[in-house]
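Several structures are given next for inspection.
Look for subunit A in each of the two complexes below; its partner is subunit B in the first and subunit C in the second.
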Partner chain A sequence: MELLGNHKILKPIITAFLAIMILMSSSIAMGADTKITATKTQLRALFIQKIPKYVLWPEQEDPAKDSKEGTPYTVATIDKESLLPYFNKPESFKLVRWPVANCQVLFLDSKNPRVIAAIIQRVKDKPILTIGQNPDFMRMGGIINFVESGSRMKLQVNICAARKAGLTISSKLLKLSEIYCGDEKE
Partner chain B sequence: MILFRKAIFAFFFLSLFISGGILPFYAEAAEPDSSSLEQLDLEGLLDVEVISPTSRKQSLENIAGSYTILTEEDIKASGAMSVPEALRVVPGVLVTRMDTNKWAIGIRGFNGMFNSKQLILIDNRPITSPFYSEVIWSNNDLPIELVKRIEVIRGPWTSLWGSESLNGVIKIITKSAEEMKGTQSVTVVGTDGVNQMIRQGGEILGDGDFMVYAKGGYEAGKSYKVKGESHKGSRDLVKGAAGFRSDWQNAFTDQLTVQGDISASSITEKSPPGTPFSADRDKKEYGGYAQFTWDRATGIDSGMQFRTSYTRSATTFDDLDGISNTVDAEFLYSAEQFGIHLMTFGAGGRYFWDSFDQGKHVKVHNDKFSRMDVSAFAQDKMTLIEESLFLTLGLKLDYSGKGKLSPQATARLLYTAEEDEYWLAASRATKTPSNWAREGRYEVRFRDKRYEVDATGGLDSEELTSLEAGYRRIFSDNLKFDLSLYFNSYDKLLTLSYDEDTRIATPTSSLCGLTYGTEASIDWKALPRLTLRPSVSLSNQDFTGSSINSPGFSPPLNSPIYDLRLQALIDLADNWDLDLFGSYLNSMDNTELTTGFRLDTRLAWRPVPNLSLELIGSSLLSPVTEGNFTTEPSGSLRVIWNF
Partner chain C sequence: MIGFQNSIGRKIGAAILGTTVSALVLTMTLNIASFFHSYRQATVQKANGLAKIMATSTISALDFNDPDSAKEILDSISLITNIVGATIFMPSGDIFASFGTKAKSLPVLDDGSQVEINTFIVTQPIKSGKDTLGYIVLEGTFSDQGEWFYHNLATSGLILLAVLAACIIAANHFRKKITKPIAQLTAAVREISENKDYSKRVAYKSKDEIGYLVSEFNSMLGKIETRDSWLNSHREMLETIVSQRTKEVRAKQGQLKEKNTQLIKQIHERRTAEMIREEVERINRHDLKSSLNLVIGYPELLLNKGNLTPEQGKYIKRIAAAGYRMLDMIQFHLEMFKMEQGIYTLKTMPVDLIEMLCSLEEEMALLLNQSEVSLSIIMNKEEINGAEEVHINGEMVLLRTMFRNLIKNGVEGSVKGGKVSIDIESDELFTTVSISNSLPVPAEVRGRFFNKYVTAGKEDGTGLGTYSANLIAKTHNASINMETSDQTGTTVSARFAAVTIES
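Entry: the complex of A and B
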């Protein structure tokens, strides 16, 4: 133990470390809150599953055309793992990883804005509803963008990009969103 | 001694156990109720309050290799003031401060300064000197506040990065100009000296951003314990640097970057024993570089990049003064996924020229030296089973000047499931000996006798055949485990052969042997306010030959070592952080080795959002073992102010 004697400082450090851990373990979790809350990812996933109801695809592309029930919408995304826990209705939505040959909705959740721009370039003339979460998404030619406003999520809709893609956005969705044509706010 | 080692082990595992006992009560923080949310209509969703997730999402690396990433936050938490210091927390990497401005860095059982066997890149530009195969840190004094990420890749990745990356690659990625808008001042005052950095960033020409910085510092110099005795190191380091970076976006998919810096330093050099080539006089060094990069994204994993740079540095080893220049260019093309194939191609070239003022003690064969290197590589990542099984095949051809063409090959298999992944790799790598090994003429001491080192030419490439395996698992959003195993067989490693009669030491390609070992690490948010990162590295080397412990070319340690590290990141209160890093390195056969026990601490306080005050303690515990090279403790106050 003589060697430990060289480390008089060691003991208080270990003691302090353990004390901190015990202190922190006794901190009490906060009580329930009446406001409806959601994490960003969860809220975006919910929006992605609501928005298609307010969008009309060209007839041959619309999954709702076949039957009353409709075939599921194919939603392509880059980070599939993070959305997967919130997509639990396989009869309505099929979540796949981009790139895919066919999809109706494309959620561009890449952190790299240049990747987002490159993918938009590729799909902008196809009937694919591009959804993003980037401040430049409207300028890049994306169709629907999530923006944070305080502690709420707001929607931006680029009607010119939608028109180019052959998609019709319902007036209800437009009423709840900020409307853009490319860079310009309408 | 044995008792003490047991105590260290016991503490290490006890701390794991205790936190493990607390964990189950906090294992999963509940996510907001999803059923009530699903019933909301669009208007309802617009009224939902966004909250931050309680747990940090862990993700798998998706790479068939041994890999550690240090983020900006990790670097800050480590209290590191320079790049080599930041690398201390990385499992499998040995960092030794050899003098005020000299560092020895080694990966997986190697250490040393010259002919080092890993490649270090800043923004894809190699900073490892092509002549010496060493990083001259005094000319590469990148302010740590500009670093966005450090990626450490252990194992041979020569199929991608070429001959110099025999044992691994350390990639330093700096922040973009856009991420450095505004003004930042970083002041460090402490027992080691003072340092001041200031940077200013803003917009330029519409879609562009720029950043300029300047820094200056003074370090009085430390004392070092070498084989139990205290020695003074070099004194009065005065250094200054200035640099810039500018990024332009073009059509959103392209980024053009121009960056560069210049630096100069002066020091009264008297290095502690064991540090090669001390000038024992006042010396001045300078360096600088300029780089242009064009980067285009064409999809998630596809794109193209062109990079070219010019680097110049003036360095002194003992009494040998040298000026080296390097021009390089490379082009990388990553194709779109085509069927099962994801292909990447690259080609590059480098020309370097050096000129020397011969010294009395240290000379080189040629006053002027130049060489042209070219290389090309292809890599294919094949998807064998959709989203789960991938095979990567890679081949690089390196051609250096008069040398021969050396192929670098690798095959890597990755199996990834939802929460875990397994990988296997087999690689064949070669490393051209540094020119220093062929050119340098100097004296070394070996077994208390002096020898004149004289290269007679005819050195072969160093060879490595490597087998690696790994396993990573995400146990919960808060807990991730990473394990790698390696078995490396080296042949024709460079060493010195001593002739007692003529007292001449000749570099020869004659050292062969094995290294094998493992690195295991855990990243664990044990409590909402506590993150623990324990790691264990074990490494054993088995090299035969008489001159193993001779000075020279970053030799294998040739001693079984174990290395325990524990990083504890504690969120004490709002705006207060306490970060601790303890490490213990020792050999299992009582060979004298670099360090013993080490403790670094950082206490940070942010009184207002744009100001942070940190108390940083480094090497707080003196080593118990009579390790052969250790620094004395130091303390600093760092003030970071954004305005």
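Entry: the complex of A and C
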């Protein structure tokens, strides 16, 4: 009876408790979301750092043979600033702004297809792994293209372009990717 | 052929089969156990290898966050029948992809594997360079181990049966080969035991132990046969001897029986004669006593009437004394008989030897005068004067008779003018009386001097003097002996227990 009589006191306490619970659950949800969700740029940077493991460069150009001696992969990109926060392994990767004289990986993140096509044309015979995020990237002669598929990011690999550039793509990577030769899907 | 419930053949067969089967079963068990263990180890190692392959194959899927690709790779595990589930965990512990039975959490295993009786779990880290991208967990079962086990068991059982059959055939062959001579030996032993025919031999020759046994057995039979024939001949000889001895014994038994009959007859005759003699003696004593009453009574009447010269009185007294002596002798004859029979009751009292010997000297004065022999009584190397006293325990009449006979013998054994010496020696224990005379005892009676009716060289000798002296001495528990030689003459000594008279 006394407790029922004091319901005026209990009401704000219960309200506060429920509010705290809601805040906690939302914060947990947010934390979980941040844990499993990465930004597209971050994901691209991550992929760019993992792809070289599955690519074999010609012997004279392969930085992997020197990586043990501290020679990192040189990754060139047009928009260096957007990727720079995610390249935090200087002993493995050296992020530089395009144009550059020598690089192993070239990420063409420009939205202008003509620029991308011009750059690809410029480096197509060189052992440079070109990575892009454009629907026409395969047709332009690029080697690996990032394609969004729902919440996930998928890869397209142009094995003809890679062969032309003297690069060998690992079957493990090819297994995860859609394989093209030019703009024709294999 | 006689069968044995536990024959050596069966034992040998059982031993061979038992040992072989035991060895086979043990070997097969150990083999199966070893193979079973190896099989499990190999299964786990295969699973580890598979996990490594899966880990390598799923690196790219993890690198590019492609669970579908990982799942596709894991699906290929379905080809491996004993792997029931595979799960890929991310380093955070979240499941990235799985196949079949999904592991609930990432197990922490020391050596990367956990083996139970029917299941096992292996884990393998998925590494790309130095980075650990995740872990793959494979769960498997030893599902085919039961089938494998039963297959091996069945195969082993079939092998065991085949080997057992071969062993039975081989064991039977060897058993027969080994036990054949033993069976021959057993049959020979049984036949010998039943028929006692030691001429039998076992025909088996070999250089093995059984051959040696048979050879020794045959040799032993030969010895037994020889000994048996010897025993038989000896037994026959013994039987002949026993038969002869039996005949002899029976003959001697007859003789003995006859002698016993004669002896009983003689005893009966002797007893009859003794009874007659006793009766005659009793009658004689009674008649003599009746006559002696006159011999004793009339001298008394004459002496009482007086009017006799001293010499007449002396003669009368001597007649009376002789009558009394004769009465004593008649009486003594009866008592001697009792002493011989051991039924005499001695009425002992202290007897003064000196007084008795002096009285005897007086009594024998006539004999001494007639024989012209002097009597010397010596005590402690000195001639006595009659006042001395030496006591012994005994009966006066008997002792008097004993010494009378001995002194009389001494006087009769002396030459004229000779001397009879009575030597008394007394100490605390014994009193010895020795009576010596000059002549030796005739050689022909020396050995039976104290025997009854032994006499020599005397016209009126009865042969009872020394006999009665010996009898009286024995009745008094005294010892008596005689020493005689041509040089020293004859000495008869009687030794009595000393008596101390309290003043």
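FYI, the second predicted complex is superposed on the first by the 147 of 186 C-alpha atoms of A that agree within 3 Å, B and C clash if a C-alpha of one lies under 4 Å from a C-alpha of the other, contacts with A are read in each partner's own complex, and residues count from 1 in each chain.
Methods note: contacts are C-beta pairs under 8 Å (C-beta built on N, C-alpha and C of every residue); 3 or more make two chains touch, one makes a residue touch a chain.
As the structure is a prediction and not an experimental result, all values here were calculated from the model.
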Contacts of A:138 with subunit B and subunit C, given as first, second, both or neither: neither
Touched subunit A residues, subunit B compared with subunit C: B
Partner chain in contact with A:172 - subunit B first, subunit C second, else both or neither: both
Contacts of A:152 with subunit B and subunit C, given as first, second, both or neither: both
Contacts of A:40 with subunit B and subunit C, given as first, second, both or neither: first
First (subunit B), second (subunit C), both or neither touched by A:54: both
Partner chain(s) touched by A:162 [first = subunit B, second = subunit C, both, neither]: neither
Partner chain in contact with A:98 - subunit B first, subunit C second, else both or neither: first
Shared contact residues on subunit A - subunit B and subunit C: 47, 50, 54, 152, 155, 172-173, 176
Of subunit A, residues touching subunit B in the complex: 1, 3-4, 6-7, 9-10, 13-14, 17-18, 20-21, 24-25, 27, 35-43, 46-47, 50-51, 54, 78, 81-82, 86, 97-99, 110, 112-119, 121-122, 136, 139-140, 148, 151-155, 172-173, 176
Subunit B to subunit A touching residues, read off their complex: 1, 3-4, 7, 11, 15, 18-19, 22, 25-26, 31-32, 34, 36-38, 40-53, 57, 59, 249, 251-255, 295-300, 303, 336-337, 387, 418, 526-530, 568, 570, 572, 578, 580, 597, 599, 620-622, 624
Complex contact set, residues of subunit C against subunit A: 57, 59-61, 63-66, 69, 128-129
Subunit A - residues contacting subunit C, complex: 47, 50, 53-54, 152, 155, 170, 172-173, 175-176
